[in-house]
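Pasting the structures here.
Two complexes come next, and they have one chain in common, chain A, joined by chain B in the first and chain C in the second.
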Partner chain A sequence: MANTAIHKATRRSLLDRYGYEERSAVLFLAPVMLVLMSVAVFPILYSFYLSFFRMKLTRPNNQPFIWFENYSDLLTNELFWVSVSRTVVFTLISVSAIAVIALLVALLLNQEFKGRRVLSTIILIPWAIPYVANALMWKWIYDSGYGALNGALYQLDFIDKYMVWLGDQDKTLPLIANAFVWKEVPLAAILLLVSLKAIPADLYQAARVDGATVWQRFIHITLPAMKPGFMLVMIYETMMAIRHFDLFFILTEGGPGDASHVLSWHIYVETFRNLSFGSGAAMSYLLALATFALSYFFIRTLGRRI
Partner chain B sequence: MANSIETIDTNIDYRRRQRLGRLGHKAVILFGALLLAFYALAPISWLVSSSLQTEAEIVSVPPHWIPDEPTLQNFRAIFSAGEDEPVTYETRSGADPVSGGFIPSSASSLLPSMWNSTIVATLVVILNLLVGVPAAYAIAKIRYWGRNASMYFILITRVIPDIALVVPFFLVIRKLGMLDTIGSLVITYLAVTVPFTVFILVQFFEGLPDELDKAARVDGCSRFQAMVRVFLPLSLPSLVAVVLFTFLTSWNEFLLALMFTQTEASQTLPILLASFTSDFTVSFSFLNAAGVLAIVPPVIVAIIFERYIVSGLTAGAVKG
Partner chain C sequence: MSTRKMVHLGRRDFLRTSAAAGAMALAGPARMAMAQGAPLTMHTWSAAVDTVQSHLNAFQEETGIQVNYGNSPWAQYREGMVTKFVGGAPLDMMWVSDSWLPEWVEAGWIAPIDDFDFLMKYNAEAEDFSTDSMTYKGRQYGLTYYTDYMAFFYDEEKVKEAGFDAPPTTWEEVVEQSLVMKEKGISEYPMMLAMAQESWLIEFMSSLVFSHGGHFTDDNGDSVMQNADGGAVQALQWVVDAVNKHGIISPACVETGELSGLKAFASGNHAFAMVAKYRLRMLNDPEQSQIAGRVKQAMMPMGPDGDHSTVGWMRFHGMSSQAAQDPKRAEDTARLIEWFGGKANGEYKFQKLLFLDIGAGFGVKPLFDDPDIQAAYDQYGDVEIIKAQQAIARKKDVITPWFGEWNEANGTAWQQAILGNSDVASALAKSGETWDELKSEY
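Right, the complex of A and B next:
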């Protein structure tokens, strides 16, 4: 009898303690959840809801519910598909360039040499500056009249007359990608450097004893060991490139023609210049969905150990 | 006898080759380091150099890489813009109309916009810490049902592209009458930055031994006291990283500010810079000076706190 009483008492106190943990967890998490619910989850649901309406701010009293028409309209909207293909091209150029350059930078910074610390501080500078200032800087570099690119290439005799860089349909996307890559490389390199540093030195020693050349060591030890770091960088940079907006806004406004009319720019024009919020919301939702699919892997790699 | 001489010979040969190899290795590293420094610094140096040139010099062909007569007149124009003295270049009347040589009237908003950027960023930092620290502590140290789920949830919200949030944000903020206020920026930036804050802090708290927590609890601390008295003092480095990231992200953000701000009351520095760039008549040298002003604060922060930034950035990668 007394036994069960004691038993009951311990159980209650255990339950209490359990409850205390749960309760404090709820309290500690409440602020962050409140913020994210209202400023991230609610908007995304709201935009899903909006995407079923024909909603033009120019006609505020005529906003009918139209089911999936905003989505089905996209299928036949030529400019939308142009913007999708531009986004894909921009992302492919940027991410592959970032991967290669960041790998070289990481390999370099992994060596011991005089001035390595100074150099690793220097490469943080592109990362730190605002994208708008980055865009302004590259716009001035690419300037057709007085820019540095024209000046340098002319003085080095690579071109015999000044070129209109951003105004050339074939060059616009690569040039914007270049500005993007310049700013994104530092972060990618730092992330890659971490996985490089994690490779045990004895592995290289052993390989050297076995007579492996520098190249063999790189292919069989370095690259495989960097795979998780690479995955992380590729996925993160893909997400950044797909959604990028600032450079397009300042450098080209989607031009010349539709040469740099990427998806984020298309959404912006559709929403805030044509004021069709419904179809803008539909596209935002598709973009969010695409990013979700991509970032499923992102979260898997990042959040695995939590 | 002959045999041993041969061995010595190959030995010397081997050593020499090794020394040559090491020399080559050093040369490659030196070349790579110089190339990288050039890659990172050349665009910025060009921007700084052209911000120090007069309008007449800046439109020279080919460009002057180093200004003949460095001048601070562009910066002076920005800092005196609010005062009575009109913001003009004396050379303007003689300047080529195509190349501009003109300072926009909105130049006087540049310093207020910097002030706005600073206030927004500071508020976002403070709110981030208030909201993020308890959440991170709970996820790292309290055993409760749904820990993983809450971390996933927080990270997933960061995956939503800003452009997808803009439409509903705009409608809601318009309805609340918060358009063109600093508040609208603070709230949205908080949502954008807090997932990363929580992520970094969770990584750090998890690295601290659970015994610390238990000892504090045995000594009669509540959860809250354990967090404030035991964990906060120990986590200073990661707190610094969080503060820096949040500050820089807010200082640099463009898209949301473009949607929500209209006047000097809330415009941040990136918005004002962007408005200059879209005006073809604006003087190049003035534009560059404005660009330099926007770059200087974040670059100084990055240089001073390099160590914290790198360790913060890599916190995630190490675990992943």
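Right, the complex of A and C next:
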């Protein structure tokens, strides 16, 4: 009896504490929260759980719990480290090229000239192309037998015979990075352009009055004011580059040899070809960790003086 | 102790249960329907869909057994099927590649069919490598859907233009004739070899190794690919020299897939090509090939210690373990397998339909004597050569539960040697090492 009374009292106090509107909100949000929990939160936690098992779909009767062995195995896996180094190179090439080209494009689009709107629209086209379509297009361009790149260079007398592009291991990563940059520059340029537009014109006028040259105005006004934009671009593009998969899948499948065997490709092979969900999950978590770490680094370094 | 054991088992149980639970939620209704003698379920990859459907309709009319037919693209087929198996989705008959046979058997997903005498009688008329390719640990797991082998084709006009009366019979002669063609400007890269990392790669490599008298593994399944006198070393050395020393194969071969290579050959860029035999029809079709009428088949060239052997492969109709558990369902599934892989109303109808429809190879010898098939072959090939090469085709010697994983590493090792990143011996040593590691794990 006493317990029932306490229970009723507690219930009443909860009902008193949360009004009708709050309780309605909880009720209406519950279905969405339930969906989110089941399609987002649960898979994330479950994949983390899987990373502690030697779980291979093709061996359903032998899936032992192995604690952190999937993680420690990676540290001694030669191909994993190859994939890490390829990812770092690809990311460095891509992100630095995107930052520089996007800055130039943003500076150009920030000027008033005839046809600026048309040019802005044209520049946005690569961004509007789906990733897979972009990859297929570049596959045709780079093809060593009938590719447009060979055709153009040959017609212009830059080469005397058709070249091997993606099949040449020294060219593979830069060429894939080029395709990635082409697709990513428009968005980066728009983000930087927004930062440029936000710079008050009177800052430039004051600098001119003080006798600052164009270069000085760029270094001391434009660049510092663009830091928020740059931070956004660096974080977003670094994450995109590290996790990028489509171009590697369609253009080279990690080859030739292991020349484009990046981390995302390694995870794909391990998870979906070898069907090793345990080690695939472990690698995915390491990749996520690396992405978080880099984002944190950019926020700390670029965000400090904003 | 007992607590630890309980925790350990609990995790495993949770893992299994939760993996199965999701799939059960999806498959539950279908599973219930299966138990009630509902239609059979047949799943294939998306090839000759209309032919399959019309042949299936005939089966349903003939037997009154209802069948639900589904298909999915080849590129995702294995992964999709594994997910179905793990999730317990309803499945009775499916197409199986010889490459997946051990993996699927060891996982307990497919069942042998050799208890059905009316299916086993077809072995008497089947090519040996076809039956071998459907057999694992002494049990047979299906009947032929389509079978083929790696063939050596040449452009007759280019060979004659180079001053040769006959195609090469050895790999050395391939180099010799190719160098003359290069010198005369007939072709920059006379030999087409597709060495991109894709599912065809193992077939190209196996043909080269077999024709050099080599093996990847011995009778005990131990790696011999790294042995200096094993034939694999000679085969890879031939490819490396052909690319880097003689320049008769394009360095782009490492990015050339089977389909791209085929198109390049059909465009007249090369004089020799190694592709699946069924491609001969397309190569001699004027609507699809610029060298139509000029493409002939020769026996696979041989290495110094080899012969004209090539690799054959098999895709077959298999029965799921699910179906095998219910005698009535198993019987119906076996009849469905016979309708497609054996005779339907007294003839090998489906294999013949596939051949006439898309040129797919068949694994039963009597079809070589079928007038319709002979008439079709006469239009674009030499049935005697086709028959002779098929008779000495051999199954791949690397088909094991760990084949998929090893194949990735082996493909990379071959490419590394071709690219000059490692020497032939080191590349194959690495491949052999990976094989041994995986074998010990399983």
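One rule holds for everything that comes next: the second predicted complex is superposed on the first by the 258 of 306 C-alpha atoms of A that agree within 3 Å, B and C clash if a C-alpha of one lies under 4 Å from a C-alpha of the other, contacts with A are read in each partner's own complex, and residues count from 1 in each chain.
Rule of thumb we're sticking to: a contact is a pair of C-beta atoms (placed from the backbone, for glycine too) under 8 Å apart; a residue touches a chain by one contact, two chains touch by 3 or more.
Since the structure is predicted, the reported quantities are computational estimates derived from the model, not experimental observations.
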> On chain A, which partner touches more residues: chain B or chain C?
Replying inline: B
> Between chain B (first) and chain C (second), which does A:Gly255 come into contact with in this model arrangement: first, second, both, or neither?
Replying inline: second
> Should A:Val35 be classified as contacting the first partner (chain B), the second (chain C), both, or neither?
Replying inline: first
> So, A:Leu103: does it touch chain B (first), chain C (second), both, or neither?
Replying inline: neither
> Which holds for A:Phe272: it touches chain B only (first), chain C only (second), both, or neither?
Replying inline: both
>> I'd like to know which partner A:Lys161 touches here: chain B for first, chain C for second, both or neither.
In response: second
> Touching A:Pro43 in the superposition: chain B (first), chain C (second), both, neither?
Replying inline: first
> Which of the two partners, first being chain B and second being chain C, lies in contact with A:Ile176: first, second, both, or neither?
Replying inline: neither
>> Per the contact definition in the header, classify A:Ile141: touching chain B only (first), chain C only (second), both, or neither.
In response: first
>> Applying the document's definition of touch, where does A:Ala188 land relative to chain B and chain C: first, second, both, or neither?
In response: neither
> Which chain A residues lie in the overlap of the chain B contact set and the chain C contact set?
Replying inline: 46, 50, 143, 145, 272
>> Under the definition above, what is the set of chain A residues touching chain C in their complex?
In response: 46, 49-50, 53, 55, 57-61, 63-65, 143-145, 161, 164, 166-169, 252-259, 261, 269, 272-275
> Mind pulling up the chain B residues that touch chain A in the complex?
Replying inline: 26, 29-30, 32-33, 36-37, 39-41, 43-44, 46-47, 50, 58-63, 65, 98-99, 130-132, 134-135, 137-139, 142-145, 148, 150-157, 159-169, 171-172, 187-188, 190-191, 194-195, 198-199, 202, 206, 222-224, 227, 248, 251-252, 254-255, 258-259, 269-270, 273-274, 276-278, 284, 287-288, 290-291, 294-295, 298-299, 301-303, 306, 309-310, 313-314, 316-320
>> Looking at the complex, which residues from chain C come into contact with chain A?
In response: 8, 11-12, 15-16, 18, 79, 82-83, 86, 103-104, 106-108, 188, 196-198, 250-256, 260, 264, 269, 401, 404-405, 408, 412, 415-416, 418-419, 421
> Which part of chain A faces chain B closely enough to touch in the complex?
Replying inline: 20-22, 24-25, 27-29, 31-33, 35-36, 39-44, 46-47, 50, 104-105, 108, 111, 113, 115-116, 119-133, 135-141, 143, 145-148, 151, 154-155, 162, 182, 186-187, 190-191, 193-195, 198, 228-229, 232, 239, 242-243, 245-246, 249-250, 264, 267-268, 271-272, 277, 280-281, 284-285, 287-288, 291-292, 295, 298-299, 301-306
